[in-house]
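Paired with chain B in one complex and with chain C in the other, chain A is shared by the two complexes that follow.
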Partner chain A sequence: MGNNVKSLKKRRDNRRVFLLLLPITLFAIAFVYFPFIRTIINAFSKVNSKGVVKGFAGLENFIYTYSRKDFLPALRHTLTIALVNVPLTLVITLSLALLSEKKRKFSSVYETMFTLPMSVSMSASCMIFKSMFSPSVGFINYFFSLKLGWFESSDTALFSCIILTVWMGIGFDYLLMLSALRGIPKSVMEATKVDGISLPRRIFFVEIPLISPTIFYIFCTNLVLCMMTSAPMIIIMGVSAESSATNTLMSMMYQSGFSSSDYGLAAVLSLTAFVLTLLFTILSFMTERRRVHYEA
Partner chain B sequence: MKRKKKDFLFDTLVTLIASFLGIIIIFPLIYCFLSSFKTPSEFLNPKLLPSSFLYLDNFKNALERGNLLRYTLNSFIIAFIGTVVRMVLSILAAYAFTFYDFKGKNFFFFLILGTMMIPGDVLLVTNYLTVSKLHLLNTYLGVMIVSFVSASQMFMLRQRFKTIPKDMREASSMDGYGDLWFILKVLLPLSKPVVTTLFVQSFINLWNAYLWPLIVTASSPEMRTVMVGITRLNSWEDENYQLVMAGVCISLIPSIILFIIMRRNMKKGGLDGSLVG
Partner chain C sequence: MASITLKNVTKVYTSSQSVGGGLFRKNKEKKKDVVAVKDFSMEIKDKEFVVLLGPSGCGKSTTLRMIAGLEEIDRGELYIDDVLMNDTESKDRDVAMVFQNYALYPHMSVFDNMAFAIRKRIPDKKEVDRKVREAAGILGISEYLDRKPRELSGGQRQRVAIGRAIVRNPKVMLMDEPLSNLDAKLRNQMRSELLKLRKRIDATFVYVTHDQTEAMTLGDRVVVMKDGEVMQIGKPDEIYSNPASLFVATFIGNPQMNVIPVSAYRKSEGFYINLFGKELALGVEYSSTLSKRNESFIPLMLGIRPEYITLDDGGGLFEGEVMISEHTGNSIIVHMNVDGTEIVALEEERNRREINYTQDSILHFSFSLSDVYLFDAVSGLNITYGVGNGQ
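Entry: the complex of A and B
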């Protein structure tokens, strides 16, 4: 009897769980896993301009992509943006967080200023920077009496893109750093005061090791962001596809997917960016084991 | 006494330096705000301040000629409905994961969390093909549909739900109340700070989205979102930056207001660190 009721309840529960989980699972499969698998399939297939698979292509798409003249520059730009941006953002946000760690009378004022960039969308910040750094009417050239072309000259375009990506990342990363620093137990900080440890020593030997999990988290998320989300910026900044000084893997993917409907090429490019990002992340996780402290 | 004075001086110095750096960081926003009041001829002279703050033609032109009014409405519909659907899906799933035990629980949990591992940009082209096959191009649903799953949101809700004693649900189900009643009357009121933060965060995210709306609404200018709209303001006449800046100001109003609400909410709920993830 009791068993029967139990199994009845169990069956009812299972039906409910099914209904509760169905919607999110359905969308996860339809709009994340299915397209991901399809991207992998596309990379190894002959795909026509309507996106229909027309047979197996082996490594043809890969060879075609990697031997293109614009592939290596795009790869170089992607890596440059990531390798400059990630450490720069870490240093900037960590310094800002250390500066504002202690709660002071007006700290909420500058905390808000430091975090505000995170509410600004990518396209809005691109437009602001495009105008501010405009060679002819921009404020930056005027204020510093410079004659640089910034986004519009091929010598400085990549550099300008890095300024922009760093700016966009500051807000959120600063917030994470700050809450990590403020989360350090008071007893630890008091102990360093009693022991009379100097400020630089305290920062480098106590605080930074203690918040290393957060630093590592910011490192990884930034890396992924830099590698994967550069396309809108390059598109908005209006640098054309072929002669571009800033073309990245993802903006090249966008061009090949939506301007020339070359879905094989697009699939190979997005997979390449994805695998590279994954490799970097795995590498950082391997070094993390030795470097990051999780106690306290 | 002497030490106190030294501390005070040090704090003032730090405050000054921090405020100065803060102004540099928000300078682009200040610049954008000031420039939006400039007349076209004033803009050619790259000074910071406009001659008067009463020149509102840029805003008027952006809203009317640039069709930004319509785009703002589009963005609002997409961000609002998209967020609501996203929240409903996440709440249902988080509820199932917290209060039920079932076969394959771990499998489904990691199936959903696994979506975080795949960056959306990789899926751009294939999702576009799917959406166009479903005849959802140039529709609100087409813009929203790819963002209905948010694993991080689901995860955060589950973390919150876990702190609520399971007895409460048993008590309510003994009284004959169903799952829905429990979610609406007990779970959500108890998790209000988290739910609000996630709602605001998700709204800002969808409001700020650029690439996907651009692709899906490419052939129908009427359906563009505000973030796509502002990048088109200076294409019909060259270097119309004062107009663009006015458009950017308009597009920033909701996200900055919500951002300030969220910051307050997080501080009140002691959730400053819970954004990680």
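Entry: the complex of A and C
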């Protein structure tokens, strides 16, 4: 009898849990899992321009994609953005956070300044950067007496894109770094003071190890961001259309999928980017065990 | 060699309190100065062990942190070995500090925690190794050198924190409630270990605690503080037997001293008090002090420590009804109701006689007037403090 009541209650509990999880599950299925599986299917199928699967293609799509002339440059650009952006963001945000770590009278002023990029929408910041870096009317060239084409020239376009992505990411990552630094127990920092630990040793042997979980988090999210989502910015900047100087895997995928309706190519490109990102993430999680300290 | 001299050291915090204000109204900020430490003056001799004692918020930790250089000194001067230290950075003061929550580096092994501070100063790796192992040996943590702090118990962590301080061989050792995070048994054990340790370390100790047992057993001298002010500085037995004020008298001693409001009045030959309906003549030492005040009626507080009250079945001067009696093992603490006033008496178990301590039974008790303290009812000062004992 008692057992029965218990199991009834448990069943009711289970039903409630299921109902509560249902909306997000449906959402995830519709927008994450279904597209993901569809991409895998598309990559191995013959797909017509309407997106309808017309039979099994084997590795045909892969061979076609990897032998294209624009594939390797796109891969190189993607990796370059990731390799430059991720460490650069870490160094800049950590430096800013270390500079503003101590609470001072005007803390809130420069904290706001450093986090401001967060509140500017991506398309707006693209337009601002475009005008700032414009070779004819932009004030960057004027201010530094340069004659660079920035986004327009194929030599500097990728570099300019990296500046833009770093700038857009700084605000939020700075905020994370700052709160991590301020979360270090006060007495630990006081102990370093009394023990006469020099500033560089304090930063590299105490502060950085203690905020390593945050650094690792920023590292991973930025990596994914660079590999998988840097496309919209590059598309908005409108450089990839004319020159292939900034084409990344993702912007190439966008063009093949949405402009040329080449779904097989698009699927292979996204799958490639996904596998690479997964690989990097696994690698970083392997180093995490040795380098990241999770403890209060 | 390290003597510490504090001259009128004062610390003032400006705390801003926001008053009122809602979602759309601007908060008004009220600035208020809070004096955390007021005119702290003291000379601490080389290798002396001084304990700062007081209830929480009395400014004892702030004083310690000013000596450490973690808080700025707003007024007054601090000298270590006759060198003015007010504007000297913490690292140049040659002090080491043990924190209440240990403040160990959680990502480093025990060995690294202890070696971290001296690695830069001692280039010889073997020497660093020797020093750390020696300190670990003294503290009994040699077998944990490879472990991380989180793998240690509270007592072991505190040993590491002490070890980190002693490897530096500092002139001044500062300890901020180092035992208060430990359980009672461990605290007793660590306390006696600190006593032994102190003999092996050539440093001047300043130790902050709110625990009077620690203060009484460890300190060469004890500084009792309250609300940022020094109440009394003295050897532990002096603080106990000759308290300067009612605050010190009631703060030191467990169970707390009994305090009974009385009035002294002048009669032809001297001063008398009326206690629970009995008229008692005050001794010469009290009378001579009281007679300096040209008043015939002086409100006082009479203090008598529970351990100086003698209980018996009959024959005692006063009579009380037992409210509760607590058996602590080696003693019995009896709470009595005497004419509406609660009087606590402490009887050691081995002195226990055939007396009925149970509730509602009537007990007689007495005490000698020479064991009594008299405090001014207004200022709370001990009226005979500093009289006749050369202080």
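Following the convention adopted for this analysis, the second predicted complex is superposed on the first by the 273 of 296 C-alpha atoms of A that agree within 3 Å, B and C clash if a C-alpha of one lies under 4 Å from a C-alpha of the other, contacts with A are read in each partner's own complex, and residues count from 1 in each chain.
The criterion applied here is as follows: contacts are C-beta pairs under 8 Å (C-beta built on N, C-alpha and C of every residue); 3 or more make two chains touch, one makes a residue touch a chain.
Quick caveat: nothing in here was measured; it's all calculated off a predicted structure.
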Touched partner set for A:206, first chain B, second chain C, both or neither: second
Contacts of A:132 with chain B and chain C, given as first, second, both or neither: first
First (chain B), second (chain C), both or neither touched by A:187: second
Chain B versus chain C as contact partner of A:122, first or second or both or neither: first
Chain A residues touched - chain C or chain B, whichever exceeds: B
First, second, both or neither for A:198, with chain B first and chain C second: second
Shared chain A contacts, counted only where both chain B and chain C touch the same residue: none
In the complex with chain A, residue positions of chain B that touch it: 11, 14-15, 17-19, 21-23, 25-26, 28-29, 31-32, 35, 43-44, 46-48, 88-90, 92-93, 95-96, 100, 102-103, 108, 111-112, 114-115, 118-119, 121-130, 145-146, 148-149, 151, 154, 179, 204, 207-211, 214-215, 218, 227-228, 230-231, 239, 241, 244-245, 247-248, 251-252, 255-256, 258-260, 263, 272-273, 275-276
Complex interface listing, chain C residues touching chain A: 68-70, 90-92, 95-97, 99-101, 103-107, 116-117, 120, 148, 150, 164, 168, 174
Of all residues in chain A, those that touch chain B in their complex: 13-14, 16-17, 20-21, 23-25, 27-28, 30-36, 38-39, 42, 51, 96, 99-100, 102, 104-107, 109-110, 112-132, 134, 136-139, 141-143, 167, 170, 172, 175-176, 178-180, 182-183, 214, 217, 224, 228-229, 231-232, 235-236, 250, 253-254, 257-258, 263, 266-267, 270-271, 273-274, 277
Partner chain C, residues of chain A touching it in the complex: 185, 187-188, 190-191, 193-198, 201, 205-206, 209-210, 212, 293, 295-296
